[in-house]
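Order of writing sets the labels: A, B, C, D and E. Residues in every chain begin at 1.
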């Protein structure tokens, strides 16, 4: 066995997995705070990536201005979606809310096609192009730097949730909504912020992923991989999203490299199936006890 | 309608059509269905067949999701099982179509049971994702098991045949699809007149108290999966006979979402709703095309905006119905009916 | 954003004129014979729209032109189409609708899936000959698809042309090595088996074979495989853009001097427009001249003049336009031959006429006379991107497979 | 004494169908402890939720009557605003944030102070003064605290908010008698030292009436007895209520006696 | 009187919380037996153990002499253990009639094919159930006027009655009622009390109930068990239980108010 090759493949997979972890984090933030499974997360990523394209490509801004603007735009979109489409569904069954997010995904695809057309697009390249070597192992520069940017946001988020007062409010709401209300926390605002923060993470990941692989209105399909990540990690577990994200990214890449591209999805879904059978609520998720 | 003492009367009370007005309307409806292919042009006939297939599949999904409360994103996969079964059987055996359709349904039901197995342990969205996983695997099998499925290129089939008759045209297929759709909807209606249907609904409404009433959850959940996939399998089989080719791309994930949307837009847990939803969602793109055609002279770019518009309308319908009309078209239909009071004898 | 909206706006303006032409559809020269209908399921929207709008423009402009020439044997031509969004069921619906209200001898199909789906109906009707955007190998199978043809080489033949070219590029008498990269779709997998066989036959070693999803996907792991396989040539098939760019950029970053090549739909100018400098040196196989090719010819000039007239702002016309135009040319030729033979316009008769095409001069659309072969035209040429000039330039002669 | 909270003849309906409160009225004077007693299902928790605005979360609605806090009607005011205005509801079952540490639980409660200028450090100190055990466990996850400690934390969060009125829902629930006494001692102390009014919902009549100045007993969604705490605790009234002993003769016939008056007739006909 | 249900040494805990500790009591056959106790005493947990939702860590439940451990909830239902819930557990999407028919589920046999065709045995069985439900249950509980209405549209009191009807359709031997009159007004309570007594007397069904309305409990119960902190503190006849000092303590906290007051609020006395 060629260990160097395996190492390089793994490294590439882990770097991709870092971005999955970031998206997974965005997903989990929304789920934890609002109990909404957001099937539109891939489309939110896509929307942000198109914004980046518009800012950096169309309006010829510096990518380093366009990036924060696009990410901001994506998070704003999350906030708006929460306000006008998710909030009216408060108290409805979770299946209904999921379907709403599927509807939103479809709307976003349509809107993107309407504004930017259905053509495949490439993002202006803005990451350094010099190959990165870790020891003898080669790592494509785009994913290496993409991983670093993603990891930076990830760390900021983790610190924020752990140590800030806002993070406490978010976790408190996630833990017990009614009790959060009774503390004087504006729960509706927390919901909204959760969508904003979650979409922000997804948006950044969206731009970074699109920068390495290109962009089209079908980009949102990446949401399926993310779904695997969060189910394997546990819907309400941040740690789970991080570990599962990295793992699924790695697995996808290794399966693709050794078995062929058509095995990427089945390989991760096989893991998903095993998890569902043996640990239905994910590796780190909490199993809610039902009361009679 | 009052209930008397005689046993006869309970039976009449439990009938699907209880008033003569209803019976007349239903007869008229059947007659219209029969007449339709003689009046319609090729295009309408084609749409009629598509709606028929969609009605069968939506009814199946409604049994599972609307009535039993188990969300499935695997409907397209189950249809695929049916489609490939029919395609394979027609290529490798000389079986007539009723047999191949039945086998398609049964095989799909078997796969459905397999997929439904986790349903005792996982609920709600986790289950939905398990069905999603199943549809990914099924797609993989369709694409890769080349010796049976023909790989990405898929399989082509001979037309459906029975007793020397060959159902090659849409006209012929209409007389397979539509009667079958009517029968299968009626059968579904029957199920919900009996203990099994009640058990499904009980599981949906409150599975724990269903258990207290002596309903074996796993047994009935699997039965619901089987029944639903059977419908999907038959619909998939008809799909195969209708288009006469099946490829892995014939049954994409978006198709599962389409059927789920049809159930929601029509009205979950309401058979009539499923039918309305199937017809509505199938015809929406066509209606939009008419609109586009009407707009084109004034607004030449209309065709370019149509496909994105379709996506947007599809999404907006789902969101809009869930927010503003959660009981779907069926509820609108009932409101209209009440408004016109066509049925004075029925509450 | 302004730039993209601008370019979009320009494209839309183009469509506008097309649609106007569609509505107008009045023949330029007064003719009293029955019109001949060109039907089409056209992907004006959806994933294939980037090509669909140009196919549509090509078909429309050809219709305008042929009518200005007096139509086909005095019959005016009418082009009737519907948008399909590149979805099979909508394509089928469009077909039924259009053929339901017109007599349609020739029809444009937008995808392999549609072409296969409709085949049985087409065969049982026997009234319509079909070609379209698909170059699928299967469609040139006379047994199964007697009423469908490919307006150029099929994908297998394209691979053949590419491999013929590669075979000539060896150094020191050694055959170059090649890697195939294709998408996990029916389109992508179409020529691979045959391509491998052909390569083996020609003694070209296929050192790597990579399958990916089409479109946006991370390919860094696949690039790592390339780094080890070190192919002299990589042939892409089944993609429009991504991930071709990613392979090229990353492999060059690694210092590989691989040559990158692609089949018809991967040889559009889109690659140059989106990739810019990075596209330099990319090669594609194209059966037709590019719009801005240095070559000429009466038909090519007519095409350019018509295009110029129908949309003066559009400038360059992509490969889809050429494909649409050529399609309609073949239809015309086939109908003409059938009529001239005094036969009815049935699919069978038209297919026979098609088969009879030999050393046909396309007036510069294709640089050499072409001969139909199993419902296809196995001809093509290798072109190479000159990024500075922003165009494809020929690097081989026209290659006609037998 | 000035009334801090006045509940005036309210009716509450859940899910638009189930009526739980039927014309309930009570008042809490500034600085007082008022006990609201009653058996399970009488509607005590609902009463508190209709005051704090948490009713809406359970699809409940005040359909009639009015609630006033500091003289102003509470209708249509968001729950978090009420908390910031000095009305703190400690819910039944303590409802501590289990995945947060003790300290973070207290931080969460500081949201009640939004818009007010106060020293947070003093607030934390105050809580730790009342509950030294929480200080020892400040870095521990609340989910790992014992029942009594969780109740202390729940009270601590209320203290942070520096409210004028604390509504306590069943603080004795599930606690051993000794702990109950400890908790109630502290409640009395908070009331005395901080001047905070307390509306105490309890099943445990004795401890409640021991620290309260006034008591209400409710049944079936309305008040059936009320009076000063010492008067109420003269056992007979309360015993009758809780244990069904005796009862005022003539008012109600035994359930056993009325059983057949309808059915028998039908049966025979 | 023989016991139809015998609970012995039952213990149940969730995590560290002990819901039931060594609980033993018996339900004599053909009686109305009531379990009372303050909130959180473990009454509903006890019901859940009997119907099979919770698996007690220790102890046994004997039903008609047979140990129930390992018997699944649906099977217990088929054996004649029926129950209602504290928070009404009707199926809100169905009509009253369908809800009640569901109770008869365990006594029906028709399979899927019969159902699809609605023919032969399946149809006959449905008709038999319909007439049994109509003649014995709907008539008895006086709910014929609402049989076609969806459950969700009914008042609370009527919903409770429908839930009772559904439990009766199970043809139970032991009927467990979890707070059957909670939230009802006096008139509704009187109706319910009458039904409970008739069910015992005329149907010969043993009733096991949890209820807080002491007036009704004392009036109609034949046997009472008192639970506090997961333990049975006494069981016996209503009048015995009422006078038991431990029961008084459980409900009222103490009987010596003055010393308690001093203890809890020492400084107030000084002030």
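Structural remarks
Assume contacts are C-beta pairs under 8 Å (C-beta built on N, C-alpha and C of every residue); 3 or more make two chains touch, one makes a residue touch a chain.
Since this is a predicted model, take the numbers as computed values, not measurements.
The minimal number of chain-to-chain contact steps leading from chain C to chain D is 2. The interface with the greater count of contacting C-beta pairs, when A-C is set against B-C, is A-C. Look at where the CA atoms of chain B average out and do the same for chain C: the two points lie 38 Å apart. Here the CA centre of chain A is 43 Å from the CA centre of chain D.
The mean-CA centres of chain B and chain D are about 52 angstrom from one another, to the nearest whole unit. Here the CA centre of chain A is 33 Å from the CA centre of chain B.
Multi-chain contact residues of chain E (touching two or more other chains) are listed as 53, 85, 89. Residue positions 143, 208, 307-308, 310 of chain B each touch two or more of the other chains. Contacts with at least two other chains are made by residues 113, 118, 262, 292 of chain A. Residue ranges of chain D in contact with chain E, taken from their complex: 17-20, 39-41, 147, 170, 173-174, 176, 180-181, 184-185, 188-189, 192, 203-211, 220-221, 230, 233, 235, 238-239, 241-245, 247, 252, 254-256, 258-260, 262-263.
Listed in rising order, the residues of chain E touching chain D in the complex are 17, 38-40, 152-156, 179, 182-186, 189-190, 193-194, 197-198, 212-220, 229, 242, 247-248, 251-255, 257, 260-261, 263-265, 267-268, 271. Taken in their complex, chain B has these residues touching chain E: 3, 7, 10-11, 13-14, 187-188, 190-191, 193-199, 201-202, 204-206, 208-217, 223, 227, 269, 347.
The touching residues of chain C, counted against chain B in their complex, run 12, 15-16, 19-20, 23, 44-46, 49, 53, 82-83, 85, 88-90, 92-93, 96-97, 99-101, 113, 116-117, 119-121, 124, 138, 144, 184-186, 188-189.
Contact residues of chain B toward chain A in the complex are 65, 71, 118, 121-122, 124-126, 128-130, 132-133, 136-137, 140, 143-144, 208, 253, 257, 260-261, 264, 305, 307-319, 322-323, 326.
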